[in-house]
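Presented sequentially are two complexes of subunit A, the first with subunit B as partner and the second with subunit C.
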Partner chain A sequence: MLTKGKMIVAAASALMITSGVATAAELTIYNVASVSGAFANFGKQAEKGVKLAIEAKGKAAGMDLKMVTVDTESNAGKAARKVKAVIGKDDAKFFIGSTLSSTALAVGKEVNKAGGIYINGSGADEITGKQCNKSMFRWSAPTYGAVNASLTTVLDRNPNIKTVYTITPKYVFGEAMLENAKILLEKRGIKLVGNSYHSLKESEFSGYIGQAMAAKPDLLLLLNFGSLATNTIQQAVNFGLKDKMKILLVWSNGIDHLRTLGPKISEGIYFGSQYWHDEEAPANKEFVALSRKMFGETPNYPMAHYYQMTKLMLDAIDKVGTDPVKIRAHLEGLSYAGITGDEMIRAEDHQVEKYFYLLEGKAKADMNDDDDLAATLSKKKYFLPTSETGCVLG
Partner chain B sequence: MSTSVPFRVHIAASVIIAAALPFLVPSTVLATEILIFGMAVIGCNLLLGYTGLLSFGQALFFGAGAYIASLTAIHWEIGLIPVLLLTILAGAILAAIVGYLAIRRQGIYFVMLTLAFGQLGYYIAFLAEEITGGEDGLLDVPRPPLELPLLPDMTFANDASFYGLTAVIFVLCFLMMQRLVDSPLGSVLKAIRQNEKRAEAIGYQVRLYKIAVFAFSGAITALAGGLYAMMLNFAPLSNIDIETSEQILFMAVLGGLGSLYGSVIGAGVFLVASDFFSELWPRWMLLLGLFLVVVMMFAPGGLWHGLVVGFERLRGRHKTSTEENDHG
Partner chain C sequence: MRVRGSFLMSLYLFQTLNGLGLGLIYFLMGLGLTIIFGMMNFVNFAHGVFYAAGAFICYQFIAWTGMFWVGLFAGPIVVGLLALILERFLIRRLYASDHAVQILVTIGLMLILRESILLIWGTVPKNVSPPEILSGVLLIGDFAYPKYRLFIIGVTIVASLGVWLLLERTRFGMTVRAGSENPIMVSMLGVNTSKLFAATFALGVTLAGLAGGLMAPIRGASAFMGAEALGIAFVVVVIGGMGSFVGALAGGLIVGLVQSFTSGFWPEGTNVMIYSVMALIIMLRPNGLFGRS
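Moving on, here comes the complex of A and B:
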């Protein structure tokens, strides 16, 4: 039985707790990532990037920060349903990321309908092109930038390359990569001697490697990504292609790919990358130190770009509050010190202009430490002029 | 529930399921998805649970329904009912063709044929990107308005109103399928499942019945696929993927074969559990698999049959104790 005094204390405590809950505002960032399914490894690293940005920021606009992961299960349909559900249930407004372009396109539509903000790192040109919308921002260089920044350097360094064979995933991202590669090769007077399409479910590439061998190109241009690209490179090296031609993987995961393949395989292979941890930019040095301190590891591409996207969102909220209209206005045209150096968000199509790296795998004997797996050959910015993207923000 | 259950009980039960579901799960969108997959699982149950036909091609009908509904809704302004009727018709015709060809073989060969047709459909959808959107799927799928004579047009822009529409369609489908399985046709299907040769010897044209049940299954599964595309405003390629067939089968086995209630329970438990487990561990499919193993060990007939058996045991114990008290 409670005494009168105890009852008063209990009531007062309850009141304090309730008032505390009511006043402690919390800002939720929704992390759209495939933490299960075919691209689960990417999603787990991405999640670390969001956590790191939240940890580093502490509070935004005076609010405590919270991350909720929306697991896309590597399935665009599931992603659309789950995003729809959190918007309906929690009035969610702030979304980060996506592994697949098809998912980003579907999620972008939902967030735009809800009037939120969505910053993603998917590659398909449509995201800041024909399918762009006012809620959607993209941090990564699109396929146009990736192909031009990496292939141009490879061709400049190897003037003897006259023929190219491509291996392409058959979906919007791969098609855009191939289209951009074709335009560039034609411009440089280099012949595309063949292309093999594969589905996203493919794991056996020996047939395509055989076709590439038969075509005898000077350069094998890989336009796939993730574990698909890892398998393709491993099988290409096993078939002895590295001794017969140059190999370029345009869209690599940077250090992840190099670690998985190991220096024995990756030595001499070119890797295009959105991010490289050796970047000298102060914001990157800070980020790498944070990652090593918090997780004891050198950051990779998924972690880096989810970190940068979350940081962009949180900095904007901190500056102008939680009104998506004000955040949008703040982000449009914003220049800032990013993890790849000076970065700028174009107002016309919401594309971030940032550097794209070309790396070359090092031999084990040349490595200074376990992370020194590649040398940076170039860092370039290539973006379609806004008048050519086809983007009308709506 | 057995066939002796009065039809009004089925009416009441299906209405209660549809009305209560949004309050039992975390979001209206998830509730809508459960009813939609409940219909798809009913389609699977008609084949496997009632007729003994194990089909790995259900995603073909689900995906085809999603594409037909999306394309008609995007390109033709013909209203909701014609869109859904076309979807149902296309699903029935496609399934009848698949059924006609697949039932020429039995056992494992039949299963392999359904799998092959499913994969064929997947690659056609994957390659015909001008029509299906390929890997990107079809974006901006509208929800057409419901146009009824003498009434103003009804729109389903928000999730709650779309749930209402789905719930009405679910109740109608559930009751129609319950009528079907309780009808003489349903009895013949069960006879085919129990002993196909005997059913044939009695004089039933087993092949025709099998084609018919394929058509019913295709129709309801395509309808579910069409509603799913409208729910998402998007028709992803994954709708027609083998994984969708596997999930529908998983739900059917989990809920209980040979029961329409089991189909709905299977869909509900699978979708809620997959949402729950996916937040716990990236390899959540393993947890779901373990869950199925546990269900199969303790309720081999699936969750619905487990519930029925449990309820009957409780009732029996209660009856015995009441009788003992009466005698005592």
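Moving on, here comes the complex of A and C:
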């Protein structure tokens, strides 16, 4: 026999179940990515990384997890406006990612004003340098690390390289890449015989390749990324440059670039990469298995770093709750087992110290399976000392 | 001094040949658009996505058969057949509509087709290799130019001549031109204008598919490649004049040469120069170089 009180509880429970009222709170992670525009391909892959991290975690601090994508449209101004809008409307606090450095810098300012947490993977040194702020963390190695880790190994392996030609996208990321390359080349006594700038909307690179051919360098150093880099390499090989000089793409998408180009084109070309799926680290093996199970595919760089950044955010929330001040304090100085091996977040500038890979495209005959497109030549950590970054966390 | 002179000579020769090659590709992209607009007074904002579809179908047939030539042939044919189906069930309902309606519907069509490409082939761009015989470069002294780009120039010239002969020297072309001037009169003379317009639309779209297939070994196949192609095609058509075959040729060559030479001395300003040239031509000749008022 039910008592009056029990009947009320039972009725209320039944009402909640039938009306679909959620009993658990929900935590929203805002995925800042370009899912339209010139870098839409990157953003669509990145979304998968966030989904994987959410799927793997299930709940954080007892809350159900939800992803909302903020489409940057590959445009820093639009990205900042959209982020500001969700902060104002939904009191959004937790942001992940960006495709372009200019976007990361713009979004970082908005999130900092709102007192949230923002973990991104963009390259410009300023993100954890002169334009750093207390809300912004960066997982990827910055341009300094990418250039030094990849170019140093290529120069060491090819002592006959005496001249270099660069192709650079004209914006903050490209400028930072070029600046770091110039410093390193000067240190090594290697001559930069020319540089071609191009816009972010470029798809025809034959004019720049003609300039590079005429300069006859020993190394063609590509400082662009994504589909810009794919087109550059494809057209450079069309023009027979692979037979005349070494080619290094410093900031590749790893397996995506290698798959798109195919072994016929990528054989013998060097690719710098933030991530490589063959990494033996246990956290990576777990991630690769999850990706293959959920999407039936081997993960690429956009997926990998959005996964790792989301995982960092969710693990922190799980540990200390949703107060951004506590999350920040928890992340600063944190060492953890990441997808590239041992990783550590520097407290002074919020830069994650992680490995950067140099790959060399394999010939089809040397591949063990469809994903075995490159050999890992080196795995290095290169970061400016915190005293030299110019970062003051305000 | 002589070395510097030879270097510049080689560079100018390269930029000129490259500009002509690019210009002919842009001509092919603009030609389909200008035929559809000029003959049918129809504004097709889905033209770029047909270009992308041509590249993907080319890729797919090569993946299935391992033969480049099959892919290059299948790309425009399949895209042309798709155009016939779309014309039958959607496009022909818009001929009598305002241009604004045509633009809105074809933008919608473009989005549907682009998302379909993403669903079928995914977000990662696909690579297409040219056949062995067209791989590598043709060397003349210090001067090198890819064999495949020379092949594109040849194919484009042949295809353009074919289209010109079809439109200017055949009964079909004569009827299409007459239909564009006065469709009611042509219809009263016993010509089936529905079929005529369907064939014209399919021809224009087939050319976009051919351009996509030809460009795949140079720029790969990407779901988003159509937007840029559409922009360039419109610039070509605006410079040359809406509906003009010769205008599309002139527009394509101007855009190709401006792009090639600008990349030599002001690489980051290539798009600015292309659009500046277009603006200048519109100011001097509002209907384009060969456009009808």
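The rule we apply is simple: the second predicted complex is superposed on the first by the 371 of 394 C-alpha atoms of A that agree within 3 Å, B and C clash if a C-alpha of one lies under 4 Å from a C-alpha of the other, contacts with A are read in each partner's own complex, and residues count from 1 in each chain.
Note that contacts are C-beta pairs under 8 Å (C-beta built on N, C-alpha and C of every residue); 3 or more make two chains touch, one makes a residue touch a chain.
For clarity, every value in this text was computed on a predicted model and none was experimentally measured.
With subunit A as the common reference, subunit B cannot sit beside subunit C without a clash. Shared-chain residue A:Ala80: touches subunit B; no touch with subunit C.
Contact with both subunit B and subunit C is seen for A:Ala40 once the two complexes are overlaid on the shared chain.
Look at A:Thr386: by the touch rule set out above, it reaches neither subunit B nor subunit C. Once the two complexes are laid over each other on the shared chain, residue contacts for A:Ser199 go to subunit B and to subunit C alike.
Once chain A of one complex is fitted onto chain A of the other, the partner contacts of A:Thr376 are absent, as it touches neither subunit B nor subunit C.
Contact with neither subunit B nor subunit C is seen for A:Thr152 once the two complexes are overlaid on the shared chain. When the two complexes are overlaid on their common chain A, residue A:Lys170 makes contact with subunit B and with subunit C alike. Of the two partner chains placed by the overlay, only subunit C lies in contact with A:Gly262; subunit B stays clear of it.
By the touch criterion defined above, A:Gln234 reaches subunit C but does not reach subunit B. When both structures are laid over each other on chain A, subunit C collides with subunit B only at 111-119; the other stretches in 111-119, 147-155, 183-191 or 255-263 stay clear. On subunit A, the patch touched by subunit B and the patch touched by subunit C overlap at residues 40, 44, 170, 199.
In the complex of the two chains, the subunit C residues touching subunit A come out as 7, 10-11, 14-15, 18, 22, 118, 123-127, 129-130, 136-137, 144-146, 148-149, 217-220, 222-225, 228, 259-260, 262-264, 267-268, 270-271.
The touching residues of subunit B, when paired with subunit A in their complex, are 26-30, 33, 123, 126-127, 134-137, 139-140, 159, 228, 231-234, 236-239, 243, 275, 278-279, 281-285.
Residues 35-36, 40, 43-44, 69, 71, 73, 75-78, 80-82, 84-86, 88-89, 101-102, 105-106, 109-110, 124, 131, 170-172, 199-200 of subunit A touch subunit B in their complex. Note for the complex: subunit A touches subunit C at residues 37-38, 40-41, 44-45, 170, 196-199, 201-204, 206-208, 210-211, 213-214, 227, 230-231, 234-235, 238-240, 256, 259-262, 264-265, 300.
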